[in-house]
Amino acid sequence: MATDSKNGPITSFVPAEHQEAVSGALQESLVDLIDLSLVAKQVHWSVVGPRFQSVHLALDELVADARGFTDEVAERATAVGVSPDGRAKTVAADSTLDEASSEFASDDKVIRVITEALAATIVRLRANIAKVGGDPVTEDLLIGVSARLEQLHWMWEAKSV
Amino acid sequence: MATDSKNGPITSFVPAEHQEAVSGALQESLVDLIDLSLVAKQVHWSVVGPRFQSVHLALDELVADARGFTDEVAERATAVGVSPDGRAKTVAADSTLDEASSEFASDDKVIRVITEALAATIVRLRANIAKVGGDPVTEDLLIGVSARLEQLHWMWEAKSV
Amino acid sequence: MATDSKNGPITSFVPAEHQEAVSGALQESLVDLIDLSLVAKQVHWSVVGPRFQSVHLALDELVADARGFTDEVAERATAVGVSPDGRAKTVAADSTLDEASSEFASDDKVIRVITEALAATIVRLRANIAKVGGDPVTEDLLIGVSARLEQLHWMWEAKSV
Amino acid sequence: MATDSKNGPITSFVPAEHQEAVSGALQESLVDLIDLSLVAKQVHWSVVGPRFQSVHLALDELVADARGFTDEVAERATAVGVSPDGRAKTVAADSTLDEASSEFASDDKVIRVITEALAATIVRLRANIAKVGGDPVTEDLLIGVSARLEQLHWMWEAKSV
Amino acid sequence: MATDSKNGPITSFVPAEHQEAVSGALQESLVDLIDLSLVAKQVHWSVVGPRFQSVHLALDELVADARGFTDEVAERATAVGVSPDGRAKTVAADSTLDEASSEFASDDKVIRVITEALAATIVRLRANIAKVGGDPVTEDLLIGVSARLEQLHWMWEAKSV
Amino acid sequence: MATDSKNGPITSFVPAEHQEAVSGALQESLVDLIDLSLVAKQVHWSVVGPRFQSVHLALDELVADARGFTDEVAERATAVGVSPDGRAKTVAADSTLDEASSEFASDDKVIRVITEALAATIVRLRANIAKVGGDPVTEDLLIGVSARLEQLHWMWEAKSV
Amino acid sequence: MATDSKNGPITSFVPAEHQEAVSGALQESLVDLIDLSLVAKQVHWSVVGPRFQSVHLALDELVADARGFTDEVAERATAVGVSPDGRAKTVAADSTLDEASSEFASDDKVIRVITEALAATIVRLRANIAKVGGDPVTEDLLIGVSARLEQLHWMWEAKSV
Amino acid sequence: MATDSKNGPITSFVPAEHQEAVSGALQESLVDLIDLSLVAKQVHWSVVGPRFQSVHLALDELVADARGFTDEVAERATAVGVSPDGRAKTVAADSTLDEASSEFASDDKVIRVITEALAATIVRLRANIAKVGGDPVTEDLLIGVSARLEQLHWMWEAKSV
Amino acid sequence: MATDSKNGPITSFVPAEHQEAVSGALQESLVDLIDLSLVAKQVHWSVVGPRFQSVHLALDELVADARGFTDEVAERATAVGVSPDGRAKTVAADSTLDEASSEFASDDKVIRVITEALAATIVRLRANIAKVGGDPVTEDLLIGVSARLEQLHWMWEAKSV
Amino acid sequence: MATDSKNGPITSFVPAEHQEAVSGALQESLVDLIDLSLVAKQVHWSVVGPRFQSVHLALDELVADARGFTDEVAERATAVGVSPDGRAKTVAADSTLDEASSEFASDDKVIRVITEALAATIVRLRANIAKVGGDPVTEDLLIGVSARLEQLHWMWEAKSV
Amino acid sequence: MATDSKNGPITSFVPAEHQEAVSGALQESLVDLIDLSLVAKQVHWSVVGPRFQSVHLALDELVADARGFTDEVAERATAVGVSPDGRAKTVAADSTLDEASSEFASDDKVIRVITEALAATIVRLRANIAKVGGDPVTEDLLIGVSARLEQLHWMWEAKSV
Amino acid sequence: MATDSKNGPITSFVPAEHQEAVSGALQESLVDLIDLSLVAKQVHWSVVGPRFQSVHLALDELVADARGFTDEVAERATAVGVSPDGRAKTVAADSTLDEASSEFASDDKVIRVITEALAATIVRLRANIAKVGGDPVTEDLLIGVSARLEQLHWMWEAKSV
């Protein structure tokens, strides 16, 4: 039975000429999503201010989404024969997100930090969506991630109006 | 009403002379637990071999525990007036765990990696438990974390006998 | 960080040249879906006849779907920076569905009314799908809505054979 | 077996002299409750501002209540032999609520809009309760609706103090 | 502490002059509701015909309601100090419902039997509601029972149009 | 396709020579189980005494079992082509249980009444099990009913030791 | 839009001439219900004797009901524009219940204490129901509370027969 | 430890002289039950007509039962040391059911097809029950399957009266 | 009312001539099932080796089944008037299972131990099934236990092929 | 069998020399926790202001925690042989919390009131933890209570930064 | 209202020129998915070996997925006006999967069989995805099926490394 | 990486000088808890008398707790590198509980038996808590077990006052 590419232990069904674009897009998205979950947890802990309650809770919803997407993206990488890299040092080095502070921070500032983190993730994600048309499965997955992140971006931006 | 120490926005009920030991123990535990969850996710994705199925699933249980403890430890830090630091670069710099590989790895190797990661976390945790007797709440929390990690360590070590 | 368009308080990640087509498609779909839910509720109450039981219940499933899609479509509009218009007078004016009767109606007639309401919604939806290729997120959402409405259309048409 | 009135296909157990008052009260309440659910959804989508999160969520609770009452009121109408009219154009024409805007709106303004919409609904509802004493079942239903709407009115008014 | 009437082991808080009317209304309603549940179960088993499926299922919903109301009415009797009588021979002797057949019966006939059984129950219930104004708790309970039975009556009558 | 007997609308797969014994056993069991549920409900309401709480609750478990078995037995009758008779007057006439009182009764007396009602039901059921060996499906059903009733009999008898 | 009375921050829809009676009834009921929950908890802890198990559990059901009614009654007060007073000292001063003992007590005695506490609450509640006819919403709420308390009173009195 | 028969890897506790009858009965039942689930799914998709809704849903209940029994029967075969054969070509060759059509079919016709498929399955199953008395475990299992299929047969036959 | 045998406080419905065989079978089965649950828990704790994870979990399913059957068998004994004996020393003395080791053991060895423990239990159970035909209720219960134990035996034996 | 102290009906396992300290700590904690739940309910009802929604909800979480701890602390008292005193007048007299107001209050003020009530409870609790080392069970319970109250204190203090 | 194609009783919204490609893709996918579920069930029963437990369980997850996709694909066929063919003989004739054995098989062999069955299904599915671009709803459905099958393929292939 | 002691296959993190005390305490507690669950099950079956119902049910709660603690204690033993011994003969030999009777017993006697069994378990447990301070994890576990057993002891002793 003919399948398309296999360098490591796992067979890929992605046409060989699209394998590299697909792998790259998945790895970049993985790193950003892990960092998004770490940044959101960081400010989940350090937020203070009048809107503490609702911001604290909304951040855990965001973390849950980011973690779920992380798993889907990483397992898509394995399904196309590539072992993803989600280690702390890789995230620290390759993430497109701005570095966060670890100090206590006002809810206003936290809302800005999260709105910007979401925007940065979406921008690189949309650029990657444009590159993975050769594998409709990966394309569909990244569109689904962007759909939810853009919805979350609206919800966080709406809080700072 | 008299409470014990307050440098930032949040009041601590820990006696002033124990504040530093408690803060340090919590920050070290936080970093190790985040790294434990990232390492466990990494090998959750990269494991291959005859025991793939049960190792893949057992890793997600470990991740769930590590994430839960992460939150408890970090929120104990805030409750004693300290903003914890759980950012990717801090984890990459301060974790006591060995660096993991991001390549596909056999289940045998993954079991060794996890057994060692658990042991390293427990050793530093037990050392910290010995330092935080001045705050029984923190002491009780860290004992609870160690109880579960030691149970998990047995379960992972038992697989490699 | 560069994003694409922002006229109101909410940033859009849709390329500027596709913004109008996307907004228009979402607004038209929203109006039709609200009207579909109102028409389905209307006949949920006014249906009589031998098949009362199963028609009455099937209409509530349809209402639940229509309401769920309404929310998804409207929140996609906000995520692309546009406030959707779902007011009664807008629905009364802009819906593509035929006007329903408010009298008691036989189950046969109700089945025809719903089959036609679904068909009208699908036809305008498919036309809009063809216009929103410039934003894969919106395209994917509208395809998902059409998938379910076409399935429901088969189920209602099957009842009148 | 003697029952009281039957003009259409469904028998009514309401004494004939009270039939008209009961029908009228139910139809007016139906129209207001549908409009209340549409207005609440409208501002659920268009709200922006610091209290976005809690207002956005509280509106969905209100929508759920309004939809549930809509169904109970309409099905009471059918149980007294009258087909209710819940079409978009009827709602647009007969609602006692002020017309809403479809633009993005601040949370302060949305809270005022909802507080007033609830008050208008309650005022007409209480007037109708006074008219339907001849049918204790309908009276009990409308009292139950007013009980919840008055509770919600307090909760929304409390936000703008 | 002064309470109103106590002949048996249980104290009643109903004024003495209303005790008899209240007891009588509860006993009559109890007998009819038990018979309604037995008749509905009987035809749940003996129904045949094209609408078997939906009639068979709708009868079990009716049985569940009748059984629930039976318990509420009987326990209201005990709460006003009267032991209710729900024995088979009492039901056989005192029920206001027509005697049912135990033969296999067409769905059309079953729908008529149930519609009439509901109507007979409602008529006696409404007459009793008019007698128990002296005890608002019992009055409220019987109104609630009638509300649901009238709704069910509409649903069953709607099937035979 | 050959099946065994069909006099009414429903085909029976029971051999013709066993049809009468099977039908009779099911009808007798049905009547006793309905009466058991009515008697248990009667004393659920009329019980008083120090053990009110636990007797009152245990009776509802018994009612739930008796109602469940009633349905299984009656639907087995229909499955062998016979319409069962579960009407109040049939139960009043044909039940093997002693007639219950409708007065308030002490918990001691109620425990005796239920123990005897269970014993009477079991005795007739065991006699019927011995007659239905020609249809293993019915035999298995009645054995299952007896198993649970004998367990309940022990539990009730144990209370009066 | 015209509403009826507003002295504090919250608008009332109760006609002005009934406002005082309604407020008074709600405040008295609130105090009694809080005390009922505290007394029931007190004897939940101090009961000993052969019926410990069932009395201990039944008391927690009573506490749950009392707490639920407490919240409903207090929130009805806010909905009519009045801030309720549920502080310990107000309860200690204004409750109509007899003072309880804090010593270990036999189950027989506890049953009498609770039966009397329920009776006292019901008597003042019924007197208040007679005063609040001018606000059908409050009337309906208090009738519902009395319905459940009278049912509980029967259940507790039945235990001491 | 002495057990009865073992030709393949799995030990059987069935006496050797009954092994063949038991294996044969299980294999025949397996094939018929798989075919029953495939036929029921086929008409679940191809049914049209006024009773579409209830037939479509009732077929999925039948499929769920058939699949559950398939698993129980096949795993009983393995428990007696025999690997069952449930492949498509075996089902196509050995099933006792009539061949179904794959065209759209009226609900009337579908009801006849299913009634006959159930009857054919039951007839062969009852013949097999008579052969497996030497292994009470298998006998009990097949009686249980027949009990449910005969109940379903009544329900489907009742629809075509 | 005539029942069959009563030596202790609980009446038995088993014919007197079968009482001894039934009691003996139940007592032997009880002892073996308790020992099965203790042995399974023992190796649940002491297992080590590559298959630790799945063996450790499968043992808890077996324990749950053994405990459930223990209760059913013991309560059948009480229902036939006999107090069962499930004490540690009785289990130690009368069990038909081989004595287990309490040392850490490899997964291979544990699988053999459990396969043999299941086989020993089944063999004595099947011998007892052959003796209790005089009480179909007990016979049916023991057949049900054997059905599940034989299924589990296959699953454990399959692991050592 | 030797146990340590028994003055009332319940035996204590606490060494006699620690009995008084333990009893005192539990009684003080009980009173404060009941008052905490009453104060939190009071402001749950009387809060008004922009943060009404999140404060209103957060207060119910606090009430649930306080009520749960109340039960645990009181039942620990009974387990050491002491009947706790949780009556309204005892709470009014012995609580360490400041007296609350019963007027409508702004959300800002409510947040300060709760932050202070939590701090007062924690301070006395921590003092008591230092006294009960002679009974590790009570010590562990009070540490657990303090852990959660300190976490809640951070969350409420964070809102007023 | 204009829709695109209608040869049988159900209307299709797919443009006429794409109808044949869409129908063919759905029918081929249906046959492969049914066969995949039958093959997976076959080896679910016949697997033996050290990894029995995890393979046996993982196969049921695969069966659940395959059955779910079967239903989605078949109902998409009806929604485009075509009656799908899922009969045993059609599956036996048209499936692209290799023929399975019905003998007991080692876990190693079963893992290879399933990995190859998944690969064969995916290859034909991906070829069909390339043909159905004219109907985005069908295209989206088949991409979703492939996404999950490719993930499962990785998981099964990972076991044989 | 340095850990403390390892004689068997599993590493212990307990300091070597505390290993023996910890192992001994865990083994003694394990034996008592298993015996407690067996004794409680024994009297769950053999209890008769007026309080049968509540005693029978309360015993199953106790069994559930004892079984849960058994598992926790045994798995703590494995986590410190020791294989626990929970075999029937070890329990029969080493338990500190009095030997129970296997005859039917009155509820009064059963309550005494359980109260004494709990007291014996607690006394040895408290003695062991005093020995395991060198391992805070084991100490914390045993304190938690004692906390619940002392609570249960109060509840059982309270029944015999």
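Going in written order, the chains are labelled A, B, C, D, E, F, G, H, I, J, K and L, and every chain counts its residues from 1.
Criterion: a residue touches a chain if its C-beta (ideal position, glycine included) is under 8 Å from a C-beta of that chain, and two chains touch if they have at least 3 such contacts.
Keep in mind that this is a model prediction, so the values were computed, not measured.
> Keeping to the contact definition above, tell me which chains border both subunit D and subunit H.
Under the touch definition, subunit D and subunit H have C, E as mutual neighbours.
> Between chain pairs B-J and E-F, which one is joined by a greater number of C-beta pairs in contact?
By number of C-beta pairs in contact, E-F is the larger.
> Averaged over CA atoms, how far is the centre of subunit B from the centre of subunit H? Could you give it in whole Å?
53
> Report, in whole Å, the distance between the mean C-alpha point of subunit A and the mean C-alpha point of subunit J.
43
> Just the number, please: Cα centre separation of subunit H and subunit J in whole Å.
Computed from C-alpha means, the inter-chain centre distance equals 62 Å.
> Could you put a whole-Å number on the gap between the CA centroids of subunit F and subunit H?
Distance between chain centres: 31 Å.
> For subunit D, which residues are shared contacts with two or more other chains?
Where subunit D meets two or more other chains at a single residue, that happens at 9-10, 48, 51, 54, 75, 78, 104, 140, 158, 161.
> Let me make sure I understand the interfaces: which chain pairs count as touching?
A-B, A-C, A-D, A-J, A-K, B-I, B-J, B-K, B-L, C-D, C-E, C-H, C-K, D-E, D-G, D-J, E-F, E-G, E-H, F-G, F-H, F-I, F-L, G-J, G-L, H-I, H-K, I-K, I-L, J-L
> For subunit D, which residues count as touching subunit J in their complex?
51, 54-55, 58, 155, 158-161
> Which positions of subunit K touch subunit H when the two form their complex?
8-10, 34-35, 38-39, 41-42, 45-46, 48, 70-71, 74-75, 77-78, 83-92, 95, 99-100, 102-104
> Going by the contact rule at the top, pick out the subunit B residues touching subunit J in the complex.
1-3, 9-11, 13, 75-76, 78-80, 136-137, 140-141
> For a test of understanding, state which residues of subunit C touch subunit K in their complex under the given definition.
For this pair, the touching residues of subunit C are 116, 119-120, 122-123, 126, 129, 139-140, 143-144, 146-147, 150-151, 153-154, 157-158, 161.
> Help me check something: in the complex, which residues belonging to subunit H touch subunit C?
Interface residues on the subunit H side: 47-54, 56, 104, 106.
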